[in-house]
Structure formats: C-alpha cells, structure tokens
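Order as written gives the chain letters A, B, C, D, E and F; numbering starts at 1 within each chain.
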Amino acid sequence: MRLDPVAIENLIAQFIAEDMGRGDVTTDAILTQEVKARGRFLAKQELMLAGLEVAEMVFQWFDPSIQIQTFYLDGDAVPAGKEIARITGPGHMLLAGERVALNLLQRMSGIATLTRAFAQAIEGTGAVIADTRKTAPGLRLLDKYAVRIGGGHNHRFGLDDGLLIKDNHIALVGGIGPALRAAKKNASHLLKIEIEVSSPEQVREAVAEGADALLLDNMTPEQARECVALARELEPPGRQTLIEVSGNITLDTARAYAEAGANLISVGALTHSVKAADISLKLSL
Amino acid sequence: MRLDPVAIENLIAQFIAEDMGRGDVTTDAILTQEVKARGRFLAKQELMLAGLEVAEMVFQWFDPSIQIQTFYLDGDAVPAGKEIARITGPGHMLLAGERVALNLLQRMSGIATLTRAFAQAIEGTGAVIADTRKTAPGLRLLDKYAVRIGGGHNHRFGLDDGLLIKDNHIALVGGIGPALRAAKKNASHLLKIEIEVSSPEQVREAVAEGADALLLDNMTPEQARECVALARELEPPGRQTLIEVSGNITLDTARAYAEAGANLISVGALTHSVKAADISLKLSL
Amino acid sequence: MRLDPVAIENLIAQFIAEDMGRGDVTTDAILTQEVKARGRFLAKQELMLAGLEVAEMVFQWFDPSIQIQTFYLDGDAVPAGKEIARITGPGHMLLAGERVALNLLQRMSGIATLTRAFAQAIEGTGAVIADTRKTAPGLRLLDKYAVRIGGGHNHRFGLDDGLLIKDNHIALVGGIGPALRAAKKNASHLLKIEIEVSSPEQVREAVAEGADALLLDNMTPEQARECVALARELEPPGRQTLIEVSGNITLDTARAYAEAGANLISVGALTHSVKAADISLKLSL
Amino acid sequence: MRLDPVAIENLIAQFIAEDMGRGDVTTDAILTQEVKARGRFLAKQELMLAGLEVAEMVFQWFDPSIQIQTFYLDGDAVPAGKEIARITGPGHMLLAGERVALNLLQRMSGIATLTRAFAQAIEGTGAVIADTRKTAPGLRLLDKYAVRIGGGHNHRFGLDDGLLIKDNHIALVGGIGPALRAAKKNASHLLKIEIEVSSPEQVREAVAEGADALLLDNMTPEQARECVALARELEPPGRQTLIEVSGNITLDTARAYAEAGANLISVGALTHSVKAADISLKLSL
Amino acid sequence: MRLDPVAIENLIAQFIAEDMGRGDVTTDAILTQEVKARGRFLAKQELMLAGLEVAEMVFQWFDPSIQIQTFYLDGDAVPAGKEIARITGPGHMLLAGERVALNLLQRMSGIATLTRAFAQAIEGTGAVIADTRKTAPGLRLLDKYAVRIGGGHNHRFGLDDGLLIKDNHIALVGGIGPALRAAKKNASHLLKIEIEVSSPEQVREAVAEGADALLLDNMTPEQARECVALARELEPPGRQTLIEVSGNITLDTARAYAEAGANLISVGALTHSVKAADISLKLSL
Amino acid sequence: MRLDPVAIENLIAQFIAEDMGRGDVTTDAILTQEVKARGRFLAKQELMLAGLEVAEMVFQWFDPSIQIQTFYLDGDAVPAGKEIARITGPGHMLLAGERVALNLLQRMSGIATLTRAFAQAIEGTGAVIADTRKTAPGLRLLDKYAVRIGGGHNHRFGLDDGLLIKDNHIALVGGIGPALRAAKKNASHLLKIEIEVSSPEQVREAVAEGADALLLDNMTPEQARECVALARELEPPGRQTLIEVSGNITLDTARAYAEAGANLISVGALTHSVKAADISLKLSL
C-alpha cells in the first residue's frame, strides 16, 4: 500500500503548524542552531511498527537533510526494548519535530499492533479483518494505512467509494426491497451493493433482490452462522454473496465469527479506541 | 472555555471533506432530497458528555436549519441508556453528517469521561489533572476542550505558549544550570520557566537557578514526595515553585501523587489512548 | 442530480477571481453603484438548458439579493428566440458577473444539447449514453452535471470511484488474465471490475475470468454485435455482463451500437469538443 | 509568450486532484510500483501543437524525474500520424497522469489548430486574429496561451487589464458620449479606451469623443468597411483609431472583414467551442 | 472608490489570525463572555479619517452584530480631540479586535492625512497627487484606498495594470527608442505607454517615438519646466503627452512642480513612510 | 533570531502576487527572457541594514539560482553611499522582483535604524527598548525581526503568547484586584502576569496582588521614577517586579525613563510610524 506523498505532506504541515504555532519558544531561548544531535527511537513494549516513514517525513519537513537509520520497517514486529531507528540532525529541529513525529508513530503503531492481534486471532479461517470509517477525524488516511500494515483490509475510505446501505438508510427509504431496487437503478455501473441485515428474513429479501454483499450487524456468532448458511443456500450458482459481520467484535469473539463463515470482520475499535504504542525518542549530543 | 468557532468550522469542513469525498453515493442513489427525518442520540454507556455542540455544527455545516434538541449538555454526566439529544432535518443530510458527528462526539466524550475519572480520583487533594501535547494530530483543540469539560486543566497548546525544558533539551544544552540561565536571559519577560528534573540533586539545582516550575517525570509517589519537600524547603519565601508530576500515572496511582504534594498531574493517556464513548444515532421518518 | 453547493461556490469564486483580477476597470470608471438594471437571457438557438442555477449563483456571489426570474429550468428544451430568464440587480454587479455566468451557461447548455441529441438517437433501444473523463480540466463536476441534464449517464468522476482496466493497463500488467486476477484479489470488495477488450478472444478471456463489465473500444457496430453475443453466450446464468462501447461514436452511428446490444455508449466528444450554446444577456435600465 | 510556472503548477495540482480523488484504484490494484513504462504521443490528425510543455508538467507533478523526449514543440505544425513525443517513467504514474495530460494537450492543440486556420485565412491583410474572454472558466491562461501559439493575439485577460465599453455598459450609462467622457475622467492615465459601436452615427460620436479604439460588433463586412472609412476620415491627424470587429466571424468570412480595414478580428469560438485535437498516448513496457 | 469586500475580508481574517494566534489569553482568563461594553474612538490629533469602515469590518468579523455609530466618515477632516465613533458589543470581542482595528485605522488615516496635505499644497494648479507601488507589502489595496480618500489619485496597482518603462528597463533594453518600439509592437492594444526620461534629449526621443506619457524622475522644478515645455512643443496637434514628476518631492516643493506644468506628482512617501494618526479607543462598561 | 523560512516564503508569495497580478506587462513587452543583468543595492543614507536576506528570498522565489553577493549583512551599520550588495540573474526576473524586495528592505532597514537610535540613546542604563503590537498588519513577523536586528527586544507577538492586562481590561473587569486574581486563577501556569498601572496607588495594589510585571503608561520620567521606587520597596525579597514604561516616548526622552529605573521601554513608533530607509537598486547589462 502506498501513502500518497502529497496528501501526507499536507497533513504533516498542518500537524506541525498546530504544534509549533509561532515557534518553539523553549528551544529558541536555550539552544543555538549550530548544535547537532542524535536520537534513538526505542520500543518500550512489543509492537507492530507503523508510521516510521511518516515520522521521518515530519523531521524532513523541517530539514530535508535529516535522515533516519532504520533497524525495523513499517510492518515489522518489534520486540520490547529494541531500538527502532536512529536519527541525526540539527538539535533544534529534532526537538521541534519530536512530539508530532511521536504522536503519529505511537498512534499508528498502536493501530497496527491491535490489528495484527485480530488478524492472528482469525488466522487460517479465510476471513479477513477490516476497518471502518470510525477513524479520528482528519487521520483516516493514516489510520487506514496502519490497519493495512497490521494485516487488515480497508473498508470504505469515505461515503464516495462504495455503496453500503445501513439500517438508518433502510429506515428512511422504507425497507430492504425499495433500497436495493433504487440502488441498482441509480448507482454507478461500477459499484457493487452491500446492505445491512439483522435477521434471516432480511437475508432472504436481500439475496432475492440481488445484493452483492451483506453486513450482519450485532449478531451472535450463532446467528451469523445461520444467516451465512441461508445466504449460501439462496444465492444463484454464478455468484457468491460477500458476508461481512460487525458490532463490538473483540479479540475473544472474532474467531467464532470467522468460523461462522463470514468473509470480512470489521472492527471499529481498531481506529476509534486506539491505545498508543509506547515508543520513546531520546536525544543526545 | 470557549471553542473558537472559526477554527472549529475549518476543522469540520476538513473532516467532512475527508468523509464525503465526491459525495454520498449510497444516499444519492436511494433517497430523495425531500425526505425529512429525525434522529436520537443514545448513550449506550455512562459517560461525561463532550462535543455535542461540535456535533451540531457538523450537521449545520450541511444545512444551517438543522437543530438539535438537547437533553444533556457538554459537561453533563449522562447515565447509560439515556437519550442525549434529538435532531430533525433533511434525511440525506443527517445521513451525510452522521459518521463525522459521531466520530467527534464519541472521541470527545471518551476523553471527558476518562478525565473526569482522574479528577474524581484526586478530589479534595488540591491537585489538578492536566493534559499533554500527546493529542491526535489535528485534533488538539478538540481534545483539550474535552479535557476541560471533564474537569482537567490544559497544559501547553503548542511549543509557542509556554516554556518547558525537558530532558532532551537538557541533554543538548549541557545541564540544568546552563538551560535555566539561557532561558532567563533570552525568553520573553512574560513567560515562566518550567524544567524537568529526575532527582533530588536536580531539584536542588533547578530551584537554586530560579525555576518557576518543576516537572518530576517517571518518579514513584515516594520519590515525588521527597522532591516536593525538598523544593518547598529550598524555595525563597516570596515564591512557591509549582510542582508537576507525569509518567504513566494511572487511575490507581494518581491520588498517591496528589497526596505527595504535586500541584499538577499530567496524563498523556487522556488524549493518546482514547476509548471512544459508546453513543449511537438512530434515524427514523 | 444534486450539485454540491460548497463545491460549486468554490469553483465560482475561482472563476470570478480569474475574470475580475483587480476589479472591473471599465464599469468602475463609468457607472455609479446606485444604478439598478435588469437583464434578459435569450436563447439564440434551440437548446437544452443547463447551468441556469449555476449562472444565478455567479450573480449571487456578488450580491445575494440578485434573483433570477426563470421561464425555463435546467432540463427544459428551449426553442430558438425564447427568453430564458430575467435578472434584476445593481448594474455594476450584473456587468461584473455577465461573462462568467454566460461562459458557464453556454458551455453547459451546449453539453446538454448535444447529449440530448445522442439520447434521442438511441431512444427506445434500452441503451444509455454516458460521458467520459475527457472533460475540461477543473470543470468535471459541471460538465458531468450537464450530461445528466441532457439525459446521459455519468461514468467515473475520477480514478477513484470505479475500476476500469484499459488497454494501457493491460499492456503493462501483461494481459487480461493477470489484470483481472490481480483486480479481484486486491480491489475493494465494493467495486465491480470493467475491462477493455478489442477482440472476441479477449471477450472470451475476460468473461472467463469473471469481469463484471466489458468496454469494447473502437469497434464497428458489427464487431460489437459479435462481441455482445459472445459475452451473452459465455456468461454464467446468474449474472449479466454489462457491455460498454466507445471510440469516436457519432450521432449517425450511435443507434447501430445500441442495436448491437451495448448497454452503455460512451462519447468523449460530449465534453471534450463542446460547442457553446448561443445565449445572450441584454441589460437595460 | 511565457506561461507563469507557479500559476500553471497550481492549476495542474487542482486538475490532478479533480481526477485522482482518493487515488487510482485500478492501477493500485493491478500494477506494482516497480514497473517502468514508456509511452508514445501520436497525432491522429494534422494539428498545431500546443500544451506539450504543460502535459510534461502534469507528469512531473507526480515524479520530477519523468522526462519527455520531444519530436515536435509547441507552435509546430504536426502532420497526421506523426509521433509527437516519447515519455518514460514509472508505469503507475504514467497511468495516473495520462487523462489530465491528454485533456489539456488535446484542448490546447485544438485551440491552436483553429487559431492557425483563422490566421492563415487573413494572411497578408495586416489584420490579426484575437481571442475573447469567452474561455472555459478556470482555463483562461491556458486557452489564451494556445491562441498565441496558434498565431493569434490576446485581448483582455480579465476585467482589470483593459477598458472596453460594450453595448450593455452604454445602455446603463446613457449613451456613447457620457460613457466616453466618464471613462476619460476616471480611468487610469495608463489605459486606452475602446468602445463598441453599431452604426456610422455611433462611429462618428465615438471618434469625436476621442475613443482610442472601436469595436464593430455583428456587422457585415460591408458595414464594417463603411465604418472603418468613416473613422479614418474623422480621426485627427496625429492618431489612428484601432478598429476591432467581432460577432460570429467564421473561417469563410474572416478575410472579408480584414480586407474591410479592421485591425483586429476577435473570434469567441476559438475558445468557447473548442474541438479537441485527436492525440493518443499508447503505453508499453 | 469601492473597496472590494471579499478582498478586504480575506485581509482582515489574515490580520486577525496574525494577532490572535491561539486566542486572547488575557481576556479569556479574566473576562466572562457575557460582559457587554462600549468604546469611544477619539482623534488625538487633527486628521483626515480613512479606514473607519475597515475597522468596523474587523469587529464584525468577530461578531456581525457589532455596530459602530459614526460621527465622522472616511474622507472627513476630524479636528483634534473629537470623538470619531462609538462601538457597542461583547467586551471580549472588542478587546480582541482593538489592536488590529486601530493599526489599520491609524495607518490609513495617517496616509490620508498626508495625502490631503500634499493635495492642498498644489490646489488650483490642475495637477494631481499620485501614489506609487512603494506600499507596505500586503497592504497595497488599503494604502491606495487611503490615498484616494485623502484626495490623491492611484497610479498602478501592480505590474499588470499599466505599462511604465523605467530607467532599469531602458538600461537593459538598450535605450528609449528600442524600448518604445518594442512596447508599441507587443503590448496590449488597450494600454498606453509611459516612459521615464531624465533629460531634454530623452524627452525629444520619447515624444518622437510616440510615448503617451513621460515620467520626469529626480528633476528640479526648473528642469521639469523645461522638459514640459519641450514636450508640449514637440507633440503632434491631436494628442497631449501626460507629464508625471517624481523623486523625493516634499510638501515644500510640490507646488513648484505643479506650476512647472506637471500633470501628475507622484510621492512614494505617502505610503512608504507613513506616520500613524493618533487615534485611541477607550472601553467602558 | 531566526526567521521561520516557511512563514516568510508564504508572505513573500503573497506580496509577489499582490504586485504581479497577471504578470509584468512592461517587461514582457520589451525584454526577452535571455537577457542577463546585474544590479547594485546602494545605501543612499546611513542605516542599520535589515531585510537583505528577505530581499534575496524575494528574488529566489522567481529563480532559485539568483544569488546576492553581500558586502553588508543584516545587523551591520552601513554608511551613506556604500554598496550593500550585488545581484545577478535573468533581467526580467530582477525587474519583476525589484519593487517587492525594495519595499521590504527599505521598511525593515527603516525600523532597524530607528530601533538602533533608541537603543543607543539608553546605552549603559541596563534598560532595553521593546516593540509593541502596533505593527503593519500582516508584517508583524518582519517588523519584529527588524526590531531585533536594530537591538530591540520583542514584546508579545500576539494576544496568545503573553498575558498583559491593560486599562481597557481593567475598566471592564472592575479593577486591578479582580483582574489580577482572575488571571492568577485561570491563566496557564506557565505565564507571568503583567498589568498596566497609572498611579502609585495602582502600583501598590498590583504589587500586593502579586503582579509579575507592571506597565507604566503615559507617565513622565519623574512619575515613573516614583512608581519604580515604590514597587521596589513593596515587592517581597525573593522576587523582582519587572517595570515597563510606554506612551509616546521619543529619542529625546527615552534615557530619562531608563534612568528612572524602567527595565523595558516600549515604543510603538518603531513599527507604526516607519520611515523607509533610502536604498536603491540600479540594474545594468
């Protein structure tokens, strides 16, 4: 997965502006610009690394000559206590970039670490872990990149790149049938149609109306298993309906859903309840 | 505390653009613009509400006529199961704004809820809970607002609005003495000077050099108590050095630090490891 | 179809800045701001009206009180010589907005008029006319809106809202098979897959690999008919492959392609070779 | 004529954003970033080349190392079937830039090709072809550059860089005399004054009031000839009034206007009714 | 003269952002938002008022309901000690806007006051005072508006709205003759041509080549008189060359230049060496 | 002192856009882009140089290869008549950048020259000269940089980086006591508190309430001396209240205030009533 460098640079410029404001009054008061420094990024817990490249871009925004010597890369599992990377450059710039870089690196590694745990929980089942749009506003690109690094799959990036009819839509449109028929009539010919269902009856109706994918929300694994079986029974021979499950799925319950036959297990907590990975940066002359 | 409406509106416009992209292909395909809808925000857990005003601004970005009827306000404790607010407006706009509004409301209420728990843990000690700059990049204004709502105090908003000499500065400048002397010489006459210390010797040196505030990082409550006592003993009669403690302080340990005499207990996890509060929005005709 | 007002207002502000620069030196020199004027939009040819709402927004950018009294609306066929609308407002603002408003109105009505001609040419066949990404840079939203007004359907708005594998992709990936297999493996589960084919052999391969849609480029109607028949013969019972044709299709040849069985006839000239509709605006006191 | 690189780069960034949105989902799914490709730009019709430099900037926006080897340059006449240029670079970036680059190159070459035809039609008469402000909104700089490449002259770039009193102004100000007197009194001392006239009487009045230039709108060549002669007769010895003609002038009628004595023949269709030149880009490994 | 409200609002937003940064920490700490206040603008010197409307827009940026009750308007001469206007609104917003509003009002009134002094110095001579491009960067629009309010005339707003060949151009082009001939050949047909001359010989050459206006730079009044006379003698009967003088012209010497026959006396100091007019704003409950 | 290059480049881009508009019509008409030129910056008065680096950035915005060979640097005193620097580059770009570069260089050197005069007037007293927020809107960063170059100290950069309670605050809050108590309670623990006082009684109250700094506004040197003495007498042993004076202090009176014991003498005229330093740029082949 590629991070669009222009988009990331725009974000970084915004984040640095947020943190710097009129400038770093502490460093400006006590450190001359001639001082060169080095820094060591340390993993203070076991983690799946994500965001190191982004952290490097933060420092390079201040000075393109700042380089990071890496011992681990995005996507590597880093044991607790290991040195992740070293950085060398003008001391006042390392101090200026430290917080933004760490905030990004810790959040992204936190996301990747949790995603990996989920992915490992369902390993071998054929199902995949997916994220949601429940990301920190403004950070969707980076949050979803971290999910990919952790071995998850990306669901929609926004309201514009996929058609997913949820319960709130159905309530306003007047049912699964009308919703699916309108979608088939009006949507782009390049989009599949996914719809949320909450009962076997709704599965029956959605498959009959030709839904391409079903979202089973807030079901138990047993309910999900029943709905998957029903969909498989009803779908025409030439096509296979994709089954997604969601709704407060935890590390403990994920495997049961996968074994119930779901193709996609989407987990909002991957990005809405991030625990920052514990990474420090220690500077020295 | 006042949220600057211009700054918030700029953020909201950015967040909506991130989520909408080219538009809501689902709703555009299945719902006419004439449909009016209503929605109910429900607290699915006990929480300290923060961000409801911001959520309302998200919907009003789409249509200024959308109004929220509120049963609770920012700063109110909401019991689990209660209805927080009702919203009425064009259905396609409620669907378009739902995710951004909830992402903000859930994150902010999550921050406020945790902050309140910390504030309650140290109640009556005279100490206060403070945030850090470990916020989600781009969300500092909102994260820190939520801390205030939860009863915490705001530390620096950026590198420009306070002078705080940390261990990395000291390492590059060559010690507490040189750092404090340079700060006193070069900093604005309107800024106090806070410095991180990690031992009684450093407390001694910092107070002798006239530091206005000390940051005791990663100490045990006992070590903190010793350092507070030392600072109180050394400081000249006309002034009282402010004592801040930080470093993986938890709900279990916070009170011990407060009772050790710290004035300010800063907690990075308030904003770097947010657990989204569980709030839903259900739409109907 | 709804035009996103925020996006359109941003475009209008840019277009007005382009035309106004430092200001209207002619009007500033000769007309006082107190003069009220009225204007009449006249169709100097038969046309399908598109862009009147946008033209109104241009004038309202200058002064929200300027209103247009309309005799025809977007989507109406206007006979030559008819008055389309009347406008009243401060004279210097009508003069300032005139050129931008007319440039948009004439281009959009030109697109809608040509689109309608194509749509009429294939009336009753069940096929639909579609646009392409061959729009005037910066005007895609408005160009595609005008196509919709003229009775056409919108193909992709950009590289991000649909998956279409074209000859240049196939050349770099190494064939239809590898391209389709990679797409099925890596693309979002919410996207269908369309691929360009240029021979019956390629049709065969694409259908076998499970393409959702075929783009027959630069074929004669006879070749297209053969490929459509082949696709229909090969596709599994439960699914129908969508067939698009493209490549220098004219008003004279469009019907033959429709009758050959194509579902979608895409025409680049709708937007890359626009003939402005002849509309004038005459002002008076 | 020089294209301001900063202005062009801003436009290109906007156009790429319009086309890319969240990214190129097709190429991202099927092509690795390591694949290098080459491309050939082919003229599928005889044309006057304009915009090749701009097309190159589009690709360099993605990767500054992408270079184009040119066989023809802006301003060259290219025979049908000739290769215009070759391009080499990362395949996924050539695919990403292709459509924006071609949309610009085809439009600009279309404008230059038509302008050259007009210029050739009046060759030897001493008159020149000029453009108008009837450009595609947002593209004025590029449209007018293409006119220059095709051998035309640029009229006003906006309302701020020239003073031209048109019929709508005259209607609101109350006549040619008041308009010209106000213009002479209030306009910058560095601007000449051009005014639209529609009859010999108006020519008489405008010359008497000291107009620097006359715009004869919607006259036949014969009427224009009469007005030119009258202006020449009336103007004082030390100055020569510039004569512009406009109004649905075609390739067939342009020469007659030039021979009637017009100095400037302005043609809105050069930019409001562009026929894209047929240019293709074929990629290969 | 009209100030473009969009341009001014953009400037004001920028100026407020510059002054506010993260917010008004003083007022936020000590004043509740409920406090209403009133303020009085006082002229502490005799002055020509300019910028009051702009100052009002500054406050309305904070709160559109803030209104100013005016006793004097832009263009009025205000005696020392007089109250200029009263303002009422939320106290914290009056405090927030005070400095930006005063900085603008004092600078603009300073410019208008000096311009008026120059205009009075040459009253009755038929000459006019003009500004230059020697404005404070970013403030040209406001600086030049203030000159107009003070009774001066505006020279070029930028390099794009007038053609003025100065000594540095002549040095690079190789003389007055080549410069004027190139300008006549290549410039827009709607622009006059002004050229800087420094001797009677150059006046002779410039008039012979058909310059529309002459800029006599750094001459004594006597030298200017000689050059004016020469130009009048040489110019053809049907046209009158405009004569501008410039170069360290003071209130003491301006009249001599006007009486020497100059049409335009341009004074850089009007805007490059502004003395702020002394105006105070006193708030009360 | 370091000028943030990103902030300065943004300003420069804005200033160039203001001056260039659609382009340099004079140079475009008469000078080919191949002409190389050189230029000499000359000090036409004795001055303290400030802004040369910024002027260089203006030219490099047009072409990064343009370099300035410097004979003096920011912070050097330059005698009248001396050559400051030489510049070499494309002639049309030197002409395009000339005015913006000189406007900045002359203003900044004017500020530095006046600041130096003030600094020299109080040399040896231990007091320092400070600026205010009375800068030209949009130019605060550059104005305050020039003050530093001239040997002055910077007061607040905005409302957000220092807490200063002025007379208007006191009027709305209801007195010095309430204002100071609220500030101590609510302000960041990292900010000192300065308050304006106008009488010995107010000095007494402010010191008693623990103000960190006093601003004596519009006092005579004698009054200031009395207040300084009073503050020194009242302040507790461990702390020294900083004393600032302001209010129409001139080169003639500054020393008396310094000798009265003020620590800081702030002078609004340094930036609100700038006299541009006389610097010319002469170009040649």
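By our rule, a contact is a pair of C-beta atoms (placed from the backbone, for glycine too) under 8 Å apart; a residue touches a chain by one contact, two chains touch by 3 or more.
Bear in mind that the values here come from a model prediction, so they are computed numbers and not experimental data.
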item: Cα superposition angle of chain A on its copy chain F, in degrees to the nearest 5; value: 120
item: Interface sides of chain B and chain F: same vs different residues, half threshold; value: same
item: Mean-CA-position distance for chain F and chain E (Å); value: 23
item: Centroid spacing, where centroids are CA-atom means, of chain B and chain C in whole angstrom; value: 47
item: Multi-partner residues of chain F (at least 2 other chains); value: 21-23, 25, 28, 157-158, 160-164, 188, 191
item: Chain-level touch network, classified as line, ring, star, complete or other; value: complete
item: Chain E - residues contacting chain B, complex; value: 21-23, 25, 28, 33
item: Residues on chain D engaged by chain B in the complex (per definition of touch); value: 21-22
item: For the chain C and chain B complex, residues of the former touching the latter; value: 2, 4, 6, 157-158, 160-161
item: Residues of chain C that touch chain A when the two form their complex; value: 154-156, 160-164, 188-192, 194, 212-213, 235-239, 242, 263-264
item: Partner chain A, residues of chain B touching it in the complex; value: 11, 14-15, 18-31, 35, 37, 39, 91, 94-96, 98-100, 102-104, 106-107, 110, 133-140, 157-165, 167-169, 171-173, 178-179, 182-183, 185-188, 191, 268-269, 272-276, 281-285
